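Structures for review follow.
Next, two complexes with chain A in common: one pairs it with chain B, the other with chain C.
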Partner chain A sequence: MFSERCLYCHGKKEQAVSWTALFWKGESDLLCGACKAKLMVIHGDICSMCSRPLDELDSKFIEGDRCLDCVRWEKDSNWSGCLDKNIALYSYNDFLKELLSRYKFRGDYVLAKIFAVQLQTKIKRAAPDLIVPIPLSSERLYERGFNQSEALIIEVNHTPSHLLERIHTEKQSKKSRDERIHLQQVFKITDTDTIASKKILLIDDIYTTGSTLRHAGKILKQAGATQVQSLTIAR
Partner chain B sequence: MLTIGNILFFASLFSVLGVMAALESMFPSLAAAALICLGLFLSKDTSNRSLLIFLSCFSGFYINGVITADSNSTSLTGQEKSFFVSLNNGVKVDGDSFSALGTIVGSQEKLAITYRIKTNEKKILLKEEITPGAVCKVNGRLTLPPAARNPNAFDYKNYLFTKGAFWIFESSSLECGPGNSNLINRIKKIRLKGISYLENHYPAEAAAISIALVFGDRSMIDPDTILSYQKAGVIHLLAISGLHVGLLSGMLYFFLLRIGLTRERTLELLLVLLPIYAVLTGLSPPVNRAASMIMIILAAKRFHLTLSPLSAISFSLLAYLLINPYIIYDVGFQLSFRVSFTLIISAKPVMRKQSYFIRMVLVSLLAQLASLPILMYHFYEISLISILANCIFVPLYSFIILPVCLLLFIVHLLLPMELVFFVEVFSLITQAANGLSVKLASLPGAAFITGRPSFQLLLFLVIVHPIMLMYFENPKIQTVNRTVIILAVFLFVLVVPATYSPYGKVVFIDVGQGDSILIKLPYNQGIFLIDTGGNMVFEQEAWKRKSDKFEVGKDILVPYLKSEGVRSIDKLILTHGDLDHIGGAQALFTEIKIKELILPASKSVSITEERLLKLAESYGVMTHRISEGPSWKAGKAKFKVLGPPGEKDLGGNNQSIILLADIGGLTWLFTGDAELEAESQLIKNFPEYNIDILKAGHHGSKTSTTEQLLDHFKPEGAILSAGQKNRYGHPHQEVLGRLERRGIKIFRTDKNGAITYSFRGEKGTFSKEIP
Partner chain C sequence: MRFAVYNNRLVPEPLLPSAEKTEPISKLPTIPLQPLNPDFPFNPDLQTILTGKQLLLDELPFELEEIQTHYENGFLAYRKSIELKGKQAICIRCGTKDPAWFASYPCARCKESCTYCRQCLMMGRVSSCTPLISWTGPEPEAQPAERILNWAGSLSKGQKEASSRVVEAVETDSELLVWAVCGAGKTEVLFAGIAAALAEGKRVCVATPRTDVVLELTPRFKAVFPHTTIASLYGGSEDRQKHAQLTIATTHQLLRFYQAFDFMVVDEVDAFPYSVDAALQYAVKQARKQGSALVFLTATPNQKWQQECLSKKRAFVTIPARYHRFPLPVPVFVWCGNWQKHLQKNKLPSNVLNWIKHRINSGNQALVFVPQIEQMEKLLPLLQTLHPDILSVHAEDPYRKEKVQKMRNKEVPILLTTTILERGVTFPNIDVAVLGAEDRIFAESALVQIAGRAGRSKNFPSGDVTFFHYGKTEAMVRARNQILKMNQVGKQRGLLD
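Right, the complex of A and B next:
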C-alpha cells in the first residue's frame, strides 16, 4: 500500500501520470517530486574504487579514474586491497544527511523503504555470496534500537550474515580521519568457517573516509574472503 | 495500488469496451477486456476493489448500450406521408437543396429530411423561418437510406442509424413555424445572430474563419481551404478545441478575480457559463469534451478538492458514453478523446523540456501518432508535413489569430464603426494563413495515402502506441533517439503491410452510370486503372449552386482508391473519350500520381479528352495512344491489347481499347464501350479463345455483347457496370437473356454495388458489396 503522502516531508504527492505507470508498473515512488529531486543519484564520472563523483572534484584530487583518497589508501601497504570496490547510491548532500540522521538517530525505520528498489538492483548486480551489515556496538544498538545497515538488508528481503562484531565502542562520527585510519582493529569475526573463498558485500549507510569498511574488509580478507565489496546509501 | 487517476483511466477504458461489446461485436471487446483484466490482476498493484470497479464499468456500460440499441428502432411503416418535425440539428441549406435531421414531434425518432427549394424567394424565406427548435410540416414520402455501394465507402444508412434516424423523408413541401423556445434554443438563436453578424460585417474570408473560431461552424469556409488545412494536418485549429475553452476560461477566471469577485463566486459563475459556451459553439464533441473536463476540474476546485486532468477527462468520457453510447462512432469524439488522453498521460516528459519549440514539436508528434489510426481509418491518409505545419500554425493561431479574432469580435459588437481598419488587418492575416496552408498542402508528399488499415493493423497500432510511449518516457534514452525510433516503427507499419500485401484484387467500382476498374496486383507489382467513371455537372443559377457539387472522381473514385492505399497508378487506361469513362480522371491527377496515361489511337478527340490531355501534360504524365498489338507483364499478370484495330478508325464507342488480361488465375476481357462493329472486328482478328470473365461492353446495352462474341470467347462470368436506375435502361434485357441462356454468371454493379475479385496466387473469390 502506498500512501498519498510523501514518506519524508508528509506533503501531498502529485499523482504520477505516465504510460509506464498505467501499463507497466504502478508508480511506487514514496517521496514527493520535490523531495525526490533532492536525492542526487550518483552518475557520470565516478571514482572506480569508491564511487565518488569526480565532476565536482578539483583535478588535483584525481589520479586516473580514482580519487586521491583511494589512491592513498591503496598506496598504504597496510590497507591496499582490503576493499575491492564501494558502490554508492546517492551524493551525501544536506538533504540526504538530514534524511539519514532521521533514519538512524531518530529511529524513523520506515525510511529504509526509500532505498529498497535501488539497493535491490545493486545487490543483484554485485551477486555476492554473503551480505554482511556493518555491526553496531551493543551500546549503540541499545541507543538506536536497530542496526541501520541490517534494516536495509531486511528491507530488500535478503538475509544478513552477522559475521562481524565491534570491539571498539566510540562513535566513528566523533573522530577525525587520522584517528580512524590509525585505529587498531575495530571488528572481530564471529564465524570464521563460512568466509573462506566467498564473495562478500558489506552494507553500510555512509562511506565517508572508507576506514570502517576497510577495517571490516581487512579481517574478512584475512579470514579468506576472495572479494569484499561494499554498498552504501551515501558517498 | 493504482492512483485515482489510473483507476478512472481503466474505468473509462473498460466502459468503452463495454459499449463496443454492446454496439459493435461482443467477442473482441470481451476478449480485450479479459486480457487487460488479467494483466491488471497479475500485476500486484491492482486491488480487488479496483478490479471490481472495472468489471462493473464494463458490464454497466454494456447493459446501457444494449438498452440504447434496443430502443433505437423505427416505429414507422414507410407509408406515412406527412409529419410535424422539430428541426434541432444538421440544418443545411446549400444551393437549392435543404437538408436537416428533424425529430418527429411527439416521438424520439428522427428523420433525415431533404427538400428541393423551388425559388430563391423561398430560400430566403426559409432562412428566416428556420430558427433553432422550429417546427415544420413536411409532406412527401419515406425512403430507406442507401447502404454503401463501394468498399470502405461512407455508409449513410449506418450513419443515420447512430443518430437515431432510419428513414429519409423526401419532402415536396416545407412550412415552418417558430416552435418551442427553450433555453438551449434561445442560446442557439443567439449563435445564429452572431454568425450572421459576422457575415454582414466582416470580409468573406475573415468572416468564415471568425465564425469557425467563435461559433464553431466552419461550413462557411471555402472547401478548398478546408482541404488544404486537412492536408497540412492543421485542421484542428479551425475547430473549437480544448485550447480555446481553456484560454477563454482562464481569461475570464482572472478577469473576474481582478474585478473583485471571490474565488468561490468566480468558480460558480464559470460553471454556469461553460455549458452556455458549449451551446454557443455548436455542442460538437471536442467542445463538449473540453467544456465538461474544465467544469469537472472547476467543480472539484470549488469544493477544495484537487483532481488530476486524467481523472477529469475520464469522468468526462464516462458521462459522454452514458448519455450517448453511439458517440463512439463520431470521428470528432474519437480524435478529441484519443489525442487528449495521450497528451495528458504524456505531459510529464514533454513539460520537462525547457524550450517552447521542442515542446511544441513533441506535442504535435504525440498528437499525430495518437490520431494516426483514426485518420487512417476515416480519411485513408495522413499528413507528413503536419509537424512542420503545426510549428508554424499553432503559434500563429494561438497567439495571433485566435486572441485577435475573439477580442475583435467582442469589441466590434460595442464599436462597429471604429474597427474597420482592424478588421481589414485581421482579414489580411487570415488570408495569409490560408494562403500558407495551400502552399504547405501542395508540397510533394504533404498528404501520404495509407489506405484503410485492416483490423489486425489497427489492433497493432492501438497496442504498440502505449508501448512506444512508455519507451518515450524512459529517461535513460535520448529524446532524439527515442523520437526517431518511434517514427521509424510507425513508418514501417504504415508502408510495409499496405504495400507488400500477398493479396491482389480486381474491383469493378460502382461509379454510377460508367466504368471504372481497379487492378491491384499483389506485392506492389502493379496498379492499373481502367476508366474513371464520370458524371455530368450542369451549370446552374447562382442561388441553386451548391458549394461542393457531387462529382464521381472526387467523391467516389478518389476516396475509394485512397482507401485501398493507392498512392500511384502505373497505367491509367482510358478506353475512349466519353464522359462516363474519363470524367473522373481530373480529380485523380490532383490526388494520386499517375505514371502513364493510355488512350486509344483515334482521329476524333472529345472536348473532355482534350481538357484531360492538357491536364496530363501539366502534371508531366506520359501519354500514349495505342491500338491492337502491344502487351506487357507485371508480376504474374499479363496484359494484351486487342483493340481498337490498327488499320481502320471505327470511331466513337467502337474505338474503345479492348484488353485481354491474365490476373489471379483468371482470364479477363475488358471491352470498354465496344459495340457490334468492334466486337465483330475482334472476332475476325482474334482466334477462338476461352476466357473466364467478360466485362460486358457499353454497360450491357443491346448493341454490345453479341451472341457471336459470347460464343467466340465463352466467358464463365460477365460483369455489367451500369448506374443504379440509369436512364438508358442498361443493362438491356436482351443482353441479360443472351448471358442467362449460356449459363454465364452475371454480376451487376447497378444491383450489387462494387464487384470485387480478391486473389492470392492463382486462387480468388468474387464478392458483392450489396449481396
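Right, the complex of A and C next:
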C-alpha cells in the first residue's frame, strides 16, 4: 500500500526513501510532511509514571519526577501499584484528537498503521509476556466494527491476549472523572490461569485520567501478574 | 451483519429461523426484491425518514424486525453499499472506484475481512457487510399549497428569459445549463421553475458545493416559499430526518439521497476541479429520479461544457449581463517580471507597488489575490509599512469571518487573499488585482470569478481589474475572452445601457 497520497489528508506527499521505509510503513512514510509535523512526539521532561510532558505543567502540579495526578494515585491505598508505568507516543493535541476520533468513531481502521513503527519500538523495549487490549463492550464493538486497541496490536503483527472483558457498558466519555475513578468493577478476567507471574502490557488509544488502565491493572495484579505497564498513542 | 437468501428473501442473520449459510451482503450474487403488499400497515414514520433516501441501519431508529417486515412486504429494499468485482471494489453510495480509497479491516459485524470506502467515510462507514436501505413503498403525499411563491421582486430582461427556460425544463423534465455572469442574479431565476414544480407536488433540491451558500440560500428560500417544508442540509445540520418538498443541501449531502428529486438544481458546478466532477455527476444521478428535470447554474463553465454548449450538445441559456445593466470590468494584463524573486528580497515590482499606493492614496478599497499562503505572508509586512491596516486572509485563518467583516466595514484598505475569496463574497465598490496571475491555481474559471468581484453595485459599476503576471497564460487569455464575449452578447441582446 505504498501510496503517493497522505493517509490522513489525502494530499500529495513528497517521496522520501529511507531504510526503515523498506521494512516498516510508519508515520514517516504514510503521512505528508504537513500532517507529520502536527504529530508531537512526547519527549523531554515527562512524568516518570504516566509520560505526561512536565514542561507544559505548572510547577505546583509536579512533585519530583511525577505529576500530581500520579502522586495522588499512588497515595491511594486502593490504587497504589496497580499500574507500574504508562508509555505514551504523542501529545494529545487537536490534530491527534481529530485523527483518533476519525480512527475510532468514524471507523477509519487503516489509520492504525500510522503508529506501527513507534508502537513496535516501544513494545520491543517493554518486552512483555502478554499484550492485552483494553476491551470494548459487545454493543460498542458491534457499533464500531473493531476494537481500536486490538487493531493497534494486530497492525504491528503481535497477537492480542484477550484476558479482559468489560462489565459496564456505559460510554466512558460521558462520565465525570470522579465517576470513572470510583466505579467499582469495570473489567473481569476471562482466563485466570495464564496471568500468574507474567509481565503484561496493556494497550489503549488514550491515557486521560488513567482510571481505565488502573482498573485493568488492578485485577491483573490480583490475578498474579508481576508487572503491568500500559502503552497508549496519546497522553 | 451477515445475510442469507432464504425462501427467495434476504434475511439478516439474527432473524433467521434456522442455521443457514450466511454471507456479507456484498458477497451475495443477487438480492431479491419483494412484491408490494398494498394491505400492509406500513409505519408512516419510517416512510417519512426513508423516502428518497439511502441510509444505513445505524441511521434508522427502528428495530431490525420492523425493517425486515417492511422489506418482506415490498416497502423497502436492501442494496449493497460496496460492489466487489474480483479484487476491485466500487462504492455504490459515492461512486468511488479508485483502489487507493478502499481499505479493509477484520470486522466484528461479519467476522470477515470487510472492505470499506474511505472517500465517503464521514457520512457513516459503508463496507462490504453494510446494506444501504431505501424506500420502495408509496411516497408521503405532498401538501398542496394555496399560494406557493411569495416574491414581489422583478427580473431583468436577461433573467426573465433564463427564468422561462428553467420553467420549460421543469415542465418537460429536461436538462439545462444557466450560464450567468457574476452578479447577474441567478438565484431569482430559479423561483418560477421551483414554484411550478412545487405546484405539481414535485420534490425539488438545490445543491451547492459550499455550506456557506446553503446557509445563505435557506432564509431566502424560506421567505420566498413560506408555505413549503424546506430542509437545509449540511454537515451537522438538524434537518436530517425531515421529509421536505424543497431541500437545500451541500452536494456532499446528496449521497444520502436515492431517486428522490423531480427537479434538481446544481449551483456553482464550476467550483469543482475536473477530477471531482465525476463524483458530483454520480451523486446527482443517484439523488434524482430517472427522467427528472436538471438545471446547472454557473458563471464559469469549464472548457468541456463550453464546447458542448457551442456544438449544441448541451441545452443552455446565458445571462450575459449584470442586473444593473453595466458591462463587466475587463481585466488588464500587466507584466511584472519575477515578482517572487522581488519578494525574496522583501521588495515588490514597481508597477505592483504603484498600483497599491494608488489605491491607498485614492482611498479605494482593493482585494489582492496571491497564489500561495507563504507568498502572502511575505507580502503582508511589506504592505503594512505602507498602511498598517492592511490584512491578509486564507482558508484556515481562524479570523476569516472577522477580517471579511472588517473589509465590509471599510476598516481595511487592502485585503490580501488566496483564492478563498474568489467567489461568493461581495463587496460593493472595490478594485481587484492578482499578483502572479500566471500561477496554475488561477484557472480560467478562477480568474473570471476574481474579475467578477469588481463593479458589483449599481452605484459603482466599474472597477479596476489588473492581472500582474510573469508570463501570460492561456487561462488568462481565455478568462478575458470570456468576459469580452459576455459583454458583446449583452450589448447585442440589449441588456446593457
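Rule of thumb we're sticking to: the second predicted complex is superposed on the first by the 222 of 235 C-alpha atoms of A that agree within 3 Å, B and C clash if a C-alpha of one lies under 4 Å from a C-alpha of the other, contacts with A are read in each partner's own complex, and residues count from 1 in each chain.
In this section, a contact is a pair of C-beta atoms (placed from the backbone, for glycine too) under 8 Å apart; a residue touches a chain by one contact, two chains touch by 3 or more.
Please read all numbers here as calculations on a predicted model, not as lab measurements.
J.: Which partner chains sit in contact with A:Y109 here, chain B, chain C, both or neither? Use first/second/both/neither.
T.: Only chain C is touched by A:Y109; chain B is not.
J.: Tell me which partner A:A151 touches in the superposition: chain B (first), chain C (second), both or neither.
T.: second
J.: Applying the touch criterion given at the start, work out whether A:Y142 contacts chain B, chain C, both or neither, answering first, second, both or neither.
T.: second
J.: Between chain B (first) and chain C (second), which, if any, makes contact with A:D84: first, second, both or neither?
T.: The answer is neither, since A:D84 touches no partner chain.
J.: Thinking of the overlay built on chain A, is A:D29 touched by chain B (first), by chain C (second), by both, or by neither?
T.: neither
J.: Do any residues of chain A touch both chain B and chain C, and if so, which are they?
T.: none
J.: Give every residue of chain A touching chain C within the complex, in rising order.
T.: 3, 5, 102, 106-110, 141-147, 151, 154
J.: For the complex, which residues does chain C have touching chain A?
T.: 58, 100, 103-109, 114, 116, 118, 121-122, 125, 127
J.: Which of the residues in chain A end up touching chain B in this complex?
T.: Touch residues, chain A against chain B: 1-2, 12, 14-27.
J.: Given the complex with chain A, which residues does chain B contribute to the contact?
T.: 1-6, 9-10, 39, 43, 45, 306, 308-310, 344-349, 466-467, 469-470, 472-474
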